[in-house]
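For reference, chains read A, B and C in written order, and residue numbers begin at 1 within each chain.
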Amino acid sequence: MENIKQIIVDLLPEAVFEEKEKLTVIVEPTDLRRLIKLLYDNKDLPFDYLVYLIGMDWGEKLGVIYLLSSSTDTSKEIVIKTGTADRENPLLYTVTDFYETAHLNEREVYAMYGIRFINNPDMRRFLLNDDWVGFPMRKDYDGDPAINPVSVVSKDIIDKAPRIMETPEGLKEEIVNVFEPDDYLINIGPQHPSTHGVMHFRTALNGEVVKKIDIHSGYIHRGIEKLSESLMYPQILHFTDRLDYLSANINRHALCMCVEKAAGIEVPLRAQYIRTIMDELNRMSSHLLAWSAQTNDLGATTAFIYGMREREMILDIFDKTCGGRLIINQNVIGGVMFDIYADFQKDVKAFIPYMREKLKEYDRFFSHNVIALGRMVKIGILSRQDAISYGVTGPAGRASGWACDVRKYQPYALYDQVEFKEIIRNESDSYARYLNRLDEIEESLKIIEQLIDNIPEGEHLAKTKAIIRLPEGEYYQGVEAGKGLFGVYIESRGDKTPYRLKFRSPSLSLVSVMPLICKNEKISDFIGIGGSMDYVIPDIDR
Amino acid sequence: MEMKNISIKGIPNEEFNENEYLENYIEELKANGVNIVLSNLDDMINWGRSNSIWPLIFATSCCGIEFMSAAAAHHDIARFGMEVTRNSPRQADLMLVAGTIVHKMAPLLKRVYDQMAEPKYVLAMGGCAISGGPFVNSYHVVNGVDEIIPVDVYVPGCPPRPEALFYGLLQLQRKIKVEEFLKRPGKKKSKKSE
Amino acid sequence: MFLVVFLASILLVVAGLGMAILLSPKSFNPQKGEPYECGIPTHGTSWMQFKAGYYLYAILYLMFDVEAIFLFPWATIVRELGLPGLSSILFFLLILWLGLAYAWRKGVLVWK
């Protein structure tokens, strides 16, 4: 990374470097695009993967933090910060021509902070209604409920996108139509059984074939990031469970690790073992539900019942460990809240061969069915380059040939001490994503087998102070959740509450790629592709 | 009518905790002049209606997954007659609001509720639907679904276990059994002074 | 006999609809009249030109459904009719198979 630093200094002598654990550089808004282009076109280590894009309100400046990484080596990271002091009309330059994932992220920054991005082709607000007064994440936001009351009158949706383009004469503001005037629009709407939550796809159809999809989100936007700024760290833990609720334990693990890393708390080894085993059980229950939901979307309701039956066995284990089935309150800062119960190892060891037999049964009755093959093979092709540009990680990204498993390349907990394969397929269609999940269940079983008999004795919870204050600084931790890379970013100013907390959501990438891969597919295939991508909506809206 | 044994098959009247609520409900209806003499025909119709409720799942977040678990094979909802989950409000009786309702979703909730055909019921499942839940201080969350639509049964929990949901659904069945379905035309309601 | 069946069918329909009209609760609000589209108000009209593919799909289905209905009464008395019955039904089916082969050849069975 030293030569990267050297290259940056050569191009931009006035860039400011901060002393952090990751290479951090602060640039002016006008130099941002040159820096990004330099890093993107770098020969040995092209930085073509945008991990997160965080809007920030530093008090005197409003700005954005980017974390860039390389698709070939995800352990190399660089943080770029930029900001503008203008709070009335903040303008920054877009990076959407380098990273497609920036489209939705920049729209979200506009909704939350009011920063508009020049040359972004669609600058509508992402999670909030267009008539929302104020920018919620700013520090001077007035949260009076009388300003933004609850309205029960349905508003018509206007499909016009404002944008700011840079022309030789200067900045020009224009409004373009999202759809053609004679398009047939339907709403595959929020209240729908197959959208895995409340996702609104406004679809232009040409007969049965999808022409264009526009994503409207925010129907479950609960303002978790803003709420976290007024809560202490042990209180924020229960929000992570409610984001991607299928990988509740894994999300909580990320936040706990971030806080422990920052506060210097050492987690005992017994707790690491329990955390890893519960994580893998959680991953299996997430993939089983994803399988059930995908087959239910394709029409096979029996397969839904079968998958949920196996999932109930895992939920019974969770229930006996910590009392929760879906929302598992097991990971806390410093370890795990409850020690494992007496029969934990016996139950888990009885589950492993049962699950293996059931995987064979799923393979026998569904995976080679001619209807299933006809509806999944060569449908919803997502190329590797698109997967990287959109930031699609997890089983969907690995089905496009991109090796991006966080457990392998940036290992945490005990993943560097167990043997497991990273499942990569190159066909990039729905069938590859489907098979990836089933194979990952098998790999999780292998991981648990290696760990279940060796749980050491010891403490399950380290002693921590009642009020945890993190030292000043920025901390980031990413984990491999069931859907992909889930990251937690905390900026602390020494208080007991965070100054800024951001959750990097894997499902946002998964849903942002839907307009691309569903173009020219039939509408019934659109539902099948949505099932194969397996996004969870509260993760997107936070 | 005296509080006859409003029974659900298999669970005797004494095992429910909310019998007092039902008694008060009947008292209030009688005070407002509604005739609660349930004839046999009403009984039969109410039996039919309560044992085949078709839910409309309005699942927005985590409680929706617990509803799916309740509908799956382990905790079966089909034994109560509710496995037919209709996603169109025209064909549904009961709206199960499972999950947080936010400002952007509130107009849709009202619209879908309005599009349901009478007689319709609403069950608020989970802390978020009852009062905003863990997100009660948020700028974008509606503090409870009963700010927008009338709710019949509240099932607390975060998320409630399937067994808790079943208890709520059984309470709804008992509430339906008390209703007077065949209205006697020309009956005057004497309003008691509030 | 025919009269009994006729009267019974009319009675059944009238009784069913009549009970529903008499016993159901009456309530209307303007939202009930609007089409259901996942909670969002609809956009544009539905009076537009649809693809011809839908029509072909429906016509083909109708043809083969009617053919199936014709096969049912033949199936009940297949033993009595014997070989002459079989040959006449095969002739009927052959005409329909020719139509199917033509449609297949013309590529109607693949959605475009």
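By our rule, contacts are C-beta pairs under 8 Å (C-beta built on N, C-alpha and C of every residue); 3 or more make two chains touch, one makes a residue touch a chain.
Here the structure is a predicted model, which is why all the values come from computation and not from measurement.
Chemist: Return the chain whose centre of C-alpha atoms lies at maximal distance from the corresponding centre of chain A.
Modeler: C
Chemist: Determine which of the two chain pairs, A-C or B-C, is joined by the larger number of C-beta pairs in contact.
Modeler: A-C
Chemist: As a quick test, compute the distance in whole Å between the mean CA positions of chain B and chain C.
Modeler: Taking the average C-alpha coordinate of chain B and of chain C, the gap between them is 37 Å.
Chemist: So what's the Cα centroid distance for chain A and chain C, whole Å?
Modeler: Using C-alpha averages as centres, the distance is 47 Å.
Chemist: Give the residues of chain A touching no fewer than two other chains, as numbers and ranges.
Modeler: Residue numbers touching two or more other chains: 154, 189-192.
Chemist: Which positions in chain C are in touch with at least two other chains?
Modeler: 38-40
Chemist: Give the residues of chain B that touch two or more other chains, as numbers and ranges in rising order.
Modeler: In chain B, residues 107-109, 111-112 touch at least two other chains, as defined above.
Chemist: Please output the residues of chain B touching chain A within their complex, sorted ascending.
Modeler: These residues of chain B touch chain A: 57-62, 64-66, 68-69, 72-74, 85, 87, 99-100, 102-112, 134-135, 137-142, 147-148, 158-159, 161.
Chemist: Quick one: in the complex, what on chain C touches chain B?
Modeler: These residues of chain C touch chain B: 23-27, 29, 31-32, 34, 36, 38-40.
Chemist: Give the list of chain C residues in touch with chain A in this complex.
Modeler: Listed in rising order, the residues are 37-44, 48, 50-51, 53-54, 111.
Chemist: Please name which positions on chain A make contact with chain B in the complex.
Modeler: Against chain B, chain A makes touches at 128-129, 136, 141, 143, 145, 148, 150-155, 189-193, 197-198, 218-224, 226-227, 230, 238-239, 242, 245-246, 289, 304-305, 308-309, 311-312, 315, 325-327, 537-538.
Chemist: Applying the document's contact rule, which stretches of chain B touch chain C when the two form their complex?
Modeler: Per the stated touch rule, the residues are 45, 88-90, 107-109, 111-112, 114-115, 117-119, 181-182.
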